[in-house]
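Let me begin by presenting the structure, written as structure tokens, before commenting on it.
Chain naming follows the written order as A, B, C and D, and within any one chain the residues start at number 1.
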Amino acid sequence: MRLDPIAAPPLSRQIGLPALALVATLLVAMALALIAGADPLATLGLIAKGAFGSKFAALETLNRATPLIFTGLAVAVAFRAKLWNIGAEAQLYAGAIVAVLLGTGALGAPLVLPVSALAAMLAGALVLLGPVVLKTRLGVDEVVTTLLLNFVMLLFVSYLLEGPMKDPMGMGWPKSPALIKEARLPRIVDGLRLHWGFALALIAAVAVWVIQSRTTLGFEMRAVGQNREAARFAGMPVNVVLVKTALLSGGLAALAGWSEVAGLKGHLSSDLSPGFGYTGIIVAMLALLHPLGVVLSALFVAAIFVGSDSMSRAAGVPTYIADMLLATALLFMVLALMLTRYRVVWK
Amino acid sequence: QDTIKIAGIYTVPVEQQWVSRIHIAAEAAKAAGGVDYTYTENVANTDYPRVMREYCESGVNLIVGEIFGAEAEAREVCAEYPDVKFLLGSSFMPDEAVPNLAVFDNYIQDASYLSGIIAGAMTQTGSIGMVGGFPIPEVNRLMNAFMAGVKETRPDAKFQVSFIGSWFDPPKAKETAFAMIDGGADLLYAERFGVSDAAKEKGVLAIGNVIDTQADYPETVVASALWHFEPTLNAALEAIRAGSFKADNYGVYSFMKAGGCSLAPLGTFEGKVPEAAMKLVAEKEAAIKDGSFTVAIDDNEPKSS
Amino acid sequence: MSDPRDLVMRLDRITKRFGALTANDAISLTLRRGEVVALLGENGAGKTTLMNILFGHYVADDGRVEVFGEPLPPGNPRAALAAGVGMVHQHFTLADNLTVLDNIRLGTESLFSRGASRATARARVEALSRDFGLAVHPDARVGSLTVGERQRVEILKALYRNARILILDEPTAVLTPQEAEALFATLRRAIAQGLSILFISHKLHEVMAIADRCVVLRHGKVVGEVATAETSGAELAAMMVGGEIALPEARPATAGKVLMRLDGVTTPDKGAAPGLKRVTLDLRAGEIVGLAGVSGNGQAALADLISGLILPGSGSVSMDGPLARWSPREAIRQGIARIPEDRHKTGTIADFTLTENAVLEGYWQTGFSKAGLMDWRAAESFAEGIIAAYDVRCPGPAARIRLLSGGNMQKLILGRVLEPGPKIILANQPVRGLDVGAIAYVQSRLIAARDGGAAVLLISEDLDEIMGLADVIHVMSEGRLSPGFARGSKTAAELGLWMAGQGFDHAA
Amino acid sequence: MSDLFDILLSVSFWAAAIRIASPLIFATMGELICERAGVLNLGIEGIMVIGAFAGWMAVYLGAPLWLGVAAAMAAGMLFGLLHATLTVPFGLSQHVVGLGVTMLATSTSYFAYRLALPEVTSPPKITPFAPMDLPILSDIPFLGPVLFQQTALTWAALICAGLVGFVLFRTPLGLAVRAAGENPAAVEAQGLSVTGLRMGAVVVGSGLMAVGGSFLTLSAFSSFFFEMVNGRGWICIALVVFGAWMPGKAVLGALLFAAFDALQIRLQQTPLGAHLPYQVFLMAPYLLSILALILMSRRAEVPAALMVAYRKGER
């Protein structure tokens, strides 16, 4: 088997293959439903209904996409510069901690929202800065350090929530006090959970896109990612660029935690994120590291998950089918995206 | 009479001890008739309000589950669906403003206390090991009551307390228990799966918690403090049928008085527990039931001594 | 000579297309026992492609390969190896972190066996080293070897497998003249043992010296085939490019003021590569300074220093006064044009477009960006300007530079550094791997820059190139710099002695 | 301080360290093989889950214990094959495929478990591997109980590490695998199939990861729990780097990590435990791993082609 690059992939291929991936996922969904003793034909409708079937469902999909856009952007920015940041989860929690620190009365309106957002970004950036400095100064592999810091951060959050940051009014449950009203991101639609964090995520995606394609920093980040030696020779401050990348990446991941606390939960608990940091890697790679693509792929991931999760209840299938379908959709989709650019030649 | 449609929403798989008691009670109610029951497990707290809404929209009558990690948002959903009744595990009190939400928790300190009395009598070394998942109120409360019970029969008892930071890591719980046995413990308080296994392998004793596992460890598990969710659920079902469901604290239905908890039968350990201790247990049980004695509720994190 | 039993290999009407481009167009070629055939052609003519088909890396769209009368299955390097074909790739295929011995043994034994003992394998390698004059330590890590040594490992790989046909793709492009000489000595021994050799080179004097027969490709077609004895370098060159080449001719220079002065500069050694040892050097306006020497004698340190990558450990560098700061960016700011030794790794970013590569070192200057925002339109017109002025053959400024041949890549780099009108030009091996036409073009540009008043430092291992171009020649050996010799004041033999390290003690 | 010495001198501490290390050793060897061949396998966490599940399920259904181990291995290899197919011939991102495989293997285990045992609320138990009380050997003071009262699967882990080291560094196959991780072009130029080598390495490596997972259900414990792998796979990724891609050093790393873990469990009961929150102890193994990594970093030789996809005929 051989793969031949296609110079200019036709539109039919660019649309057809991803569509095929979706169809294949739905076939898997039907097969799984059959195995679980549910009606396979009904599942398809139920998935669509669960993801987009009502205003509520659609907004829930957007809601679940929100943190994924942030973490997806964080990963995309870092991976572009070949900085393997697997630690978006930890940076997310750093942002969440700051949202609580500044949002529970330390600051009042109108300062609290912008200041705590910026402070959250800084905190996330600092969490990533450690591994990056270790990498640039001592050559310590950042895949491992950022990965391990996720565990450390989660334990640290657990400590905070059982210790200094525990809500005195929380009846003993390990969670932080609630944010004051001024520190909350307002909702977009009354009564439904979607909040302005989503809009912020879209703005962040556009901002990252502008940075990457229009600014000198973006040019430097791409150059450093592609060929560090050539970038250094061309006079780019490679380590400074890596640090800036880390600041941006960690900051974006932190915004995910910040917006989940300020927009959705109103307080911090140690189960704030069901792995948004890790899913962010998937989102970013699915988007081929393109910031605007991140928005699409986050919506895709969220829709598949929310849709199939909802389907599992309606059809009476074990809820774990949602993750199975998400993983299946993901693998089919990366394969399809690759095959839009390559032709398989059997010989 | 219409069947009542119950939906369970759990943040962990139904194998988790706490949730398993709710699940079993609901299945039993379903088997008894007049009730329909579906459930969904392993729901992240982030998704909890969405799942609540989905069930509400699908037309269920009663939602049971746990909202410790999603209090504020969950209460909003409750308020939005006044026709659906909610019976949810919560650390907070019921709120008149949300009349369709009643709360509960596993207040089985009574049984834990009694199991402590037996433990105090059974330990030789006076050193007791306790392995927990996280120091949350449900866990702390039972541990503290157990420790108070131990003091009745063994005032000089020493406790080793550890939390493993996970609900589902039996190998880790087991290793922690091994370490406590090395540290001199000859009786373990089995809050997590894995602890009784360590006790069994090393030939020391264990006290069960929430569920009865003596069948798996006949030589090891002396006694267990059991939680019965049935009284709680039945009270709610009755209230619904009577049209009198309201914001209420169902915690009391877990008390021994209400039949919400009990000491598991001694079973294989029948006759092996000192007479005096069993007498004390019987006395205290009677006193608890007639209200002349109450076991203190202490939700603070227990510490090693 | 025409005995068909002598025929060891026959390529028959090989055709290979990459998209719209036909890289090989019905190419036929034969090789006889003990014969050396040279394959010539411009950059991008299709030589490497043809060899890759022969060895099974690529699959031809049409045509067949026969080795010793048997057809070779397409796309199967294993079969090619088994048939006795050995190939030394243009870009070496060695694993740096493995030892020489491991690289040689790789794939020679059944995977699911215990394998021959290390000692046996090693003895064989040592015997081959001896027989063919390929000195290299079997236990050395390949990553620690010089280019010449790596090439020996590549040849040993083929010999270890009893190759009867040896294919060498530009084997001398990265070798020093001494190493090239040693390579040819080895090849002669191999021929004497009955091996047949097919080799690719842009260096016509080498071709004339060793090949029996030359095959010339242009645009994927065979345009000529001649016995070496019946042709000349000039004729071959003309055949390659399809016309006469105007060789640059250097007029005497009129040197101006000193633009850069190194005074007693010492830099630390870098691994096996020596640093500079108290080097004093003047670069003057309107003068080409040639730096001769065997590679690995401190040239890299000097180039790095002038490029801004390293700082002097002691001594001073001055340009209109002592340098305050020093970095690549500062070097660019001071008007130093830097043509790096390795255009693929250091000079360009393969997956960037021509436009992006054109502004790789100048993107921060006003004109290309303002307040941190890139002006891509300006960048693109800059790239278009270079493409037009320097005759860069490419699909356009938006093409990825990976698609360009080495010569065209080099022209883009040339344009990038020369367009701003530099004061000093550092040209490190500027014509390595280029075809004769491209070489002539690059050299004429350097001379034009000198005539425009720039100071040029030309680093090369090719003594002919230095002697032809440089107004002043220095020789480097073990980090030390010889005095400057005026054009024509020293013969090649004299310079060779300096390169071997003689004469420095008196000079110091 | 004396507490610390008491712990470090105790038999049970070292026995615990080896026990805790066993699943890590299997999985670390698996990951090491993959990475040596140039493929980062982030599927490890999920593959350990499927191993824990498949091994347990087989035994629960009546298979002998060793057949359970084999079933785990087979399940791991299946998911390894999926990973390999997508990352090697198709050259897809190893990050995304790895995380996807983790997600798929994990959810498949849970889904299958729930379908197979819908009515269960307390996970059923099997009879796991028992410690091998070898006569005489177990009676050697100190070393006896530390080494010879482990289960057969622990021994298998240590033997497996030795075998991996032997194959990688003493056989033509190992040389080829290592070369595939260093420079695929060199492998192809010597007539070997990069695709075959890499896929083989990923499949076999994944099998070992799954056996590591099955250690949890067949030796360390006796039933299957959701989330019981609990990040152990990620630790193994760190251990490979920590071990500088050398099997021996990686085993040492696993033992060191396990010893930290066994130590923190015990230190919690010392007076120190009364003063520090328990999270500090749980953090210790991770923080100390990072510290150790910093101390070792300069000498590590990353396989040069790690994470670099190789597509034949493309430069």
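Throughout what follows, a contact is a pair of C-beta atoms (placed from the backbone, for glycine too) under 8 Å apart; a residue touches a chain by one contact, two chains touch by 3 or more.
Per UniProt, the chains are A, D = ABC transporter permease; C = Nucleoside ABC transporter ATP-binding protein.
All figures in this text were calculated on a predicted structure; none of them were measured in a lab.
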| item | value |
| --- | --- |
| Inter-chain pair with the most contacting C-beta pairs | A-D |
| Label of the chain whose CA centroid is most distant from the centroid of subunit D (ABC transporter permease) | C |
| Subunit B-subunit D (ABC transporter permease) separation of Cα centroids, rounded to whole Å | 35 |
| Distance from subunit C to subunit B - Cα centre to Cα centre, in angstrom | 76 |
| CA centroid of subunit C to CA centroid of subunit D (ABC transporter permease), Å | 46 |
| Numbers and ranges of subunit D (ABC transporter permease) residues touching at least 2 other chains | 110, 279, 282, 312-313 |
| Touching two or more other chains - residues of subunit A (ABC transporter permease) | 2, 155, 158, 162, 320 |
| Residues within subunit B bordering two or more other chains | 42, 135, 165 |
| Pairwise chain contacts, counting only pairs that touch as defined | A-B, A-C, A-D, B-D, C-D |
| Subunit A (ABC transporter permease)-facing residues of subunit B, complex | 11, 38, 40-47, 49-51, 53-55, 57-58, 68-70, 72-73, 80, 91-92, 134-137, 140, 165, 299-301 |
| Subunit D (ABC transporter permease) residues within the subunit C interface of the complex | 171-173, 175-176, 178-179, 182-183, 185-192, 301, 303-304, 312-313 |
| Contact set on subunit B toward subunit D (ABC transporter permease) in their complex | 13-15, 17, 20, 23-24, 42, 135, 160, 162-172, 174-176, 178-180, 182-183, 193-194, 197, 211, 213, 216, 303-304 |
| List of subunit C residues in touch with subunit A (ABC transporter permease) within their complex | 19, 59, 74-75, 307-309, 327-329, 331-332, 338, 340, 345-352, 356, 360-361, 363-364, 369, 372-374, 376 |
| Touching residues on subunit A (ABC transporter permease), where the partner in the complex is subunit B | 50, 56, 60, 63-64, 155, 158, 162, 170-175, 178, 191, 193, 260, 264-267, 269, 271-274, 306, 309-310, 312-314, 316, 319-320 |
